[in-house]
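Next come the structures, one after another.
Shared chain: chain A. Partners: chain B in the first complex, chain C in the second.
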Partner chain A sequence: MSDPVRAVLGQVLAVAIAIALGALVILAVGESPVRVFRVLFLGAFGDATKIAGTLLQTTPILVCGIAACISLRAGLFNIGVEGQLFMGGFAAAWIGFGFSLPPVFHVLLGLAVAALAGLAWIAIPAFFRARYGANEVVSTILSNYVAVLLTSYLTIFLFKRPGGWSETPPIHESAYLPAIFDFSRLNWGIVIGLALAVGVWFYFRATPRGYAITTMGSNPKFAEYGGIDIRRQGFAVLLVSGAVGGLAGGIEALGVHRRFMEGFAPGFGFDGVIAALLANGHPLGTIVTALFFGALRNGSLLLEVDTNASREIITVIQALIILAVSAQILMRRRADSTAGERRWKF
Partner chain B sequence: MDYAVELKRITKRFGSFTANESVDLAVRPGEIHAVVGENGAGKTTLMNVLFGLLQPDEGEILIDGKPTVLPGPTAAIAAGIGMVHQHFKLVPSLTVAENVFLGMEITKGGLIDHRAQRARTAELSRTFGLKVDPGERVGLLSVGIEQRIEILKVLARGARIIILDEPTAVLTPQESRELFETLRGFVAKGMTVIFISHHLEEVMEVSDTVTVLRLGKKIATRPTADLTKAELVQMMVGRAVSFDRRPREKSAGAPVLAVERLWARDERGLPAVRDVSFEVRAGEVVGIAGVAGNGQTELAEVLAGLRPESHGRFRLGDVDLTGRSPAAIRAAGLAHVPGDRMVRGVDRHASVAANILMTRQDRAPWSRRGLIDWSYVRHRAEELIGRFDIRTQGPDAPVKSLSGGNIQKVVVAREFSGDARFLLVDQPTRGVDIGAQEAIHDEIMRQRAEGRAILLISVQLDELIALADRILVMFNGRIMGALDAEGVSEDALGLLMAGIAPEAVSREAAA
Partner chain C sequence: MSAWTRRFAALCGASLMMLGSAAAQDKVSVAAISGYFAQGFGVSIVNGLNKAKDDFGIDLKLIDTGNRALDYEEQFANAAKDGQYDLIFVMGWELADALQKAAAAYPNQRFVFIDGVLDSDKIIYANFSEEQGSYLAGTLAGLMAEKGSAIAKMGDGKAIGFVGGRDIPVIRNFLKGYEAGSKDAAPDVRVDAVFAGTFDDPAKGSELTLALYEQGADVVFNVAGPTGEGVMQASAAADKYSIGVDIDMCATAPGNVVASMLKRGDVAVYTLVKEEVEGKKVTPGVRTFDLASGGVELKMCDDVAANIPAEIKDKVEAARKAVIDGTVKIGEAQ
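Let's turn to the complex of A and B:
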């Protein structure tokens, strides 16, 4: 059996085990697993509106997942996607409500500035990684907290909508990232996300730089020996990863909320990172895992209405899946590793 | 008399590939039995069958004359068999004694009895002449001592039949000699040693009996004393192979590499290369001899841009490359076969083709208009697989699926197929079998004939004598002397390698 086939089969098996365990938990709280999963499935895919809702939830997870994929490919771990998403979201909203610009240009500028904000936000961790070898995992995690609180501060103390809650004024209509259908808030962000996934996958496969990044992620010492400047390249990869994280925030701000507010995104950044990890850093695989998480989120909306199970059961199932899949990845990696070799530098 | 180990008609298949075909192996108690063969001859498979790691498809195993089934290593250990693998499996943060008893800790009241473990380790160490300090942390120790610990682990588990897989591949000559002393001590105590190697000098020196495998079949089992090295090679490779000095024409041209008063430090910050100056000319092979760890590795790393120099300079042609990046040095004409191929030389997870692509991914025709031409890469990889006789399923096979010698051929194929004017070749045949060794030597001589400047670093004197025009000997970071390789004696080299510099040994040759 070829390696990729085995990897995918392993992943599917792991998800099946997790769902079986989830069923036990549902039984334990006195609900029927069949009923819960049925409600979940119908809530996620039951009709066109539901599917659109699932895709709406999938969009930020997918874009954040691609951000994580980019860094993972180079053997780096940007776990600060959540922070970049907040920064990007705020920056895009600011462009949206603070300036009056022609329609298409307004959206594009908003998204570009969102990406720039994400890039700026990861620049410090990236610089310290490249210059001093400081572990980017720690510094990007920490920068998440700062981003959430900083955007909160900006929203409440500098840009609060008069009379409103902790939110900025709404953006001008010219800055709307348009919806695809009239029955859902699903917007062109999902198309951007899918295009990004395919583009990133192609870039890594087909371009010399993509090859250099892949090699660096697989064996940095070999890359260095082959003449690749791994510090500089690692710096650039982290910046791009941060920019994509920022873009995810821009899509949310201009396409969904049409403003920035406190609690802007309920953990999309982290879900994205996990989706990327479950797909083993593969951009196309991340489409599948992001869709899965999006479906769980959307399907769970009706769970408390239609069953006696709490919505938290979804968190439990998600956690079980993560556990099963990471155990499976770890087992596979251990099986083919040799002494002293570590693929990811945690 | 019963054999200590008898394998009868062992056949082991992996899919359509037959690794062992009806192989017999009979080992008498109290002998050192060498199993030799080229990479892929089936030595390791056979030993894994004996150690219970693989189940044979056909055939039987007799230990001390009794038919035995070995469903796993635990059963093999219970039957008195121990195996020292090529790659060590030690925990660096634990002490020697803790490593020896890992998984079978001596306990007292539920807690590990460290004192007893250390005492027992010291006792084993004394009994078998394997000098170690039981309380020392493994992370601080040299490879030679790590191997002793691996052997102690096997002894602590009560092994009487000890299998060593390529034990000398990682050792210095001095450490190898100490290992052989130890092995002779084992057989003197009535134990049995099975020893896998393709280093023939060692096989001739240490073994009592040799079994030769080729392409999964047993070719012969003979007393070592009845064989010459040439006969052994012929049986292994299936044809005559010569390791004599290669015939050559004087072809040294203009200086290509010039190194001036170079100094560099090792990981601990101590000077490892001291005041080294030399030149390598076009069409010339300059050898660097020395016991491993005398600054050769550091010198190579500086020249490749992978380690900063602390003083001095070096240039390729007219280009001063002191302190430049690996990319800049490669652009100026370096190709580099690194000493540690697994760490530096390849990406094990990537395909053979992707490994061949490295260093040229930005250049046409490998890539055009910003896109890699993978069909061209694959095509060139196939061509190099043919030219260098790389045993692989094809250009898309991951490098980790290849044997060590074939991985080395991938590295050599990549580095020798560019247009570099200077080849930095560090231990090109370490762990490589004889057929491949000969091919790599041929290739080095071909590169010399094409006018490339070659710096050949090797711990194997026969390799240097066969290939080099001049030999520089490094000791303690300095060049002790330079000798014309034509008619040089191993004794003269040996003295310099030991740091003894007779004034008679020509200083003028260094100039």
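Let's turn to the complex of A and C:
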């Protein structure tokens, strides 16, 4: 079997095992798995609104997934996508409600500032990684908590809309990232996400620098020997990854919520990282896995209403997928350990 | 044998009648949407709904929203789309935006927003007169401070404290009632009020409470959500008194909690469901649950009540009656 086919089969097997175990959990809570999966499917793809809803859920997972893919390619692990998303979301909302600008320019500026905010947020972990070799997994995870609390502080103490829930004022209409259909909040963010996925795939496949980064990801010693400055490239890769994470927040703020509030978009950064892992760090594969998670999420909303199973069953299935995928990665690393110096194999 | 057949026949008859009546009057069906069914006030709502389910045999569906703002609008749409629920109860300010959109999109669906009033006039609001319950809390605390060290664990600071969560209108409304109650009952007692600025920081709640005790306050009223857990802990640590809020908190610091100002979410939802079952359709508008209707109350803790002189208890009871019959007016929120 060729390598890519094996990789895809491995992931499909991981998902199948997770779903089978999920079915056991559903049985244990006294529901019929067939019925639950049927409602789940109807909730995700039952009609046009449901499909749009699925794509709406897919958007942040996809963009966060691309952010994760970029770092995984270089053998680096940006688990701070969540924090970058919060920073980007707040920054975009701030541009949206704080400034009056002409329509198209306003949106573009909002998204650009969101990306900048994400980039700024990963700059410190990226610097310590490049300069001192500090483990970026730990530093990016930790920066998530700071981002969530910092944006919450900014929202509550500096920019709170008078009265009501802790949220900023709504953004100006000129900053709206427009909806695609009038029956859903689905917006052009999904198109941005798809374009990013294709662009990133093309970049890694067809440009010299993309090749250098891929080489560095699969074997840093070899890359260094070949004349690649892995510190510098790693620094740049993390910055770009963070910028995409920030962009994900900008899309949510300008396209969906049109304001920033406490509990803005919890968990999407992590969902994105999982989607990227499940796709073996492949940008086009991430489109498929993000859609899968988006469908699970959106389907679970109908599940909660129409069956006696809790929507949390989806969280269980997702967790099982993570377990199955990480088991696989570990097995491959072991088989691989004599072959090279890879930190992660992607 | 004949006795058994008769019993059997009676049972069959009864069940047939029940079937018949159920079919005739169409079972009332109720849903509740929230992300906080497992916490304090949410538990109270769930208890009220379950009681209504047991008493009236309604259909009840609890819909957990989780904490992702992206999901809320779809959740409301899924719940309202078939019109299968007569009433949908909604709890949590984070749902306000999605709720108002759903109320506009599904004009025939009746939503009940619990504990607050929004802009939309299509919604039923279950609002609580927290100032009335707080008035009694202020009366009790004020009278205790006036007695001072005659009561165990009290000092002679002639002051009482208040720890609020965020400085928002509803918390101000608690404070207004508390101050009014204390002032009417014990004019010489000072009320020290502080706001934690957050509902999610027990450590800060504890710190502020200890500071209030330092300043001479001997009873502190906790109106701070999860931040208030720190208030209760501090009262146990300093061995001073506290007053709980929303639910019965006597057990959180036994011997130190004097009373709890209950906001009876269960009474509110039960009352509304009962009206619905009795065929009185609940219509949009603000419904207020106060002392008179049992929507708010001051519940003394048995273990501490023994230390409190009977005259104080009598005065609190008199204040309760005065608020109910309207002799005492606490005014609107500022």
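We take it that the second predicted complex is superposed on the first by the 332 of 346 C-alpha atoms of A that agree within 3 Å, B and C clash if a C-alpha of one lies under 4 Å from a C-alpha of the other, contacts with A are read in each partner's own complex, and residues count from 1 in each chain.
Everything that follows uses one rule, which is that a residue touches a chain if its C-beta (ideal position, glycine included) is under 8 Å from a C-beta of that chain, and two chains touch if they have at least 3 such contacts.
Predicted model, so just to flag it, every value in this text is computed and none were measured.
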Fit or clash - chain C, chain B, common chain A: fit
Touched partner set for A:207, first chain B, second chain C, both or neither: first
Included angle at chain A between vectors to chain C and chain B, based on C-alpha centres and rounded to the nearest 10 degrees: 140
Partner chain in contact with A:252 - chain B first, chain C second, else both or neither: second
Contacts of A:215 with chain B and chain C, given as first, second, both or neither: first
Contacts of A:226 with chain B and chain C, given as first, second, both or neither: first
Comparison of chain B and chain C by chain A residues contacted: C
Superposed arrangement (fit on chain A Cα atoms) - minimum chain B/chain C Cα distance in Å: 40
Intersection of the chain A residues that touch chain B with those that touch chain C: none
Contact footprint of chain B on chain A as seen in their complex: 3, 206-208, 211-212, 214-215, 218-219, 221-229, 336, 338-339, 341, 343
Chain B residues touching chain A - in the complex, by the definition given at the top: 87-89, 304, 306, 325-327, 329-331, 336, 338, 342-350, 354, 357-359, 361-362, 367, 370-372, 374, 398, 400
For the chain C and chain A complex, residues of the former touching the latter: 31, 61, 63-64, 66-71, 73-75, 77-79, 93-94, 96-97, 118, 166, 168-169, 197-198
For the chain A and chain C complex, residues of the former touching the latter: 43, 49, 53, 56-57, 60, 156-157, 163-166, 185, 252, 256-257, 261-268, 297-298, 301-302, 304-306, 310-312
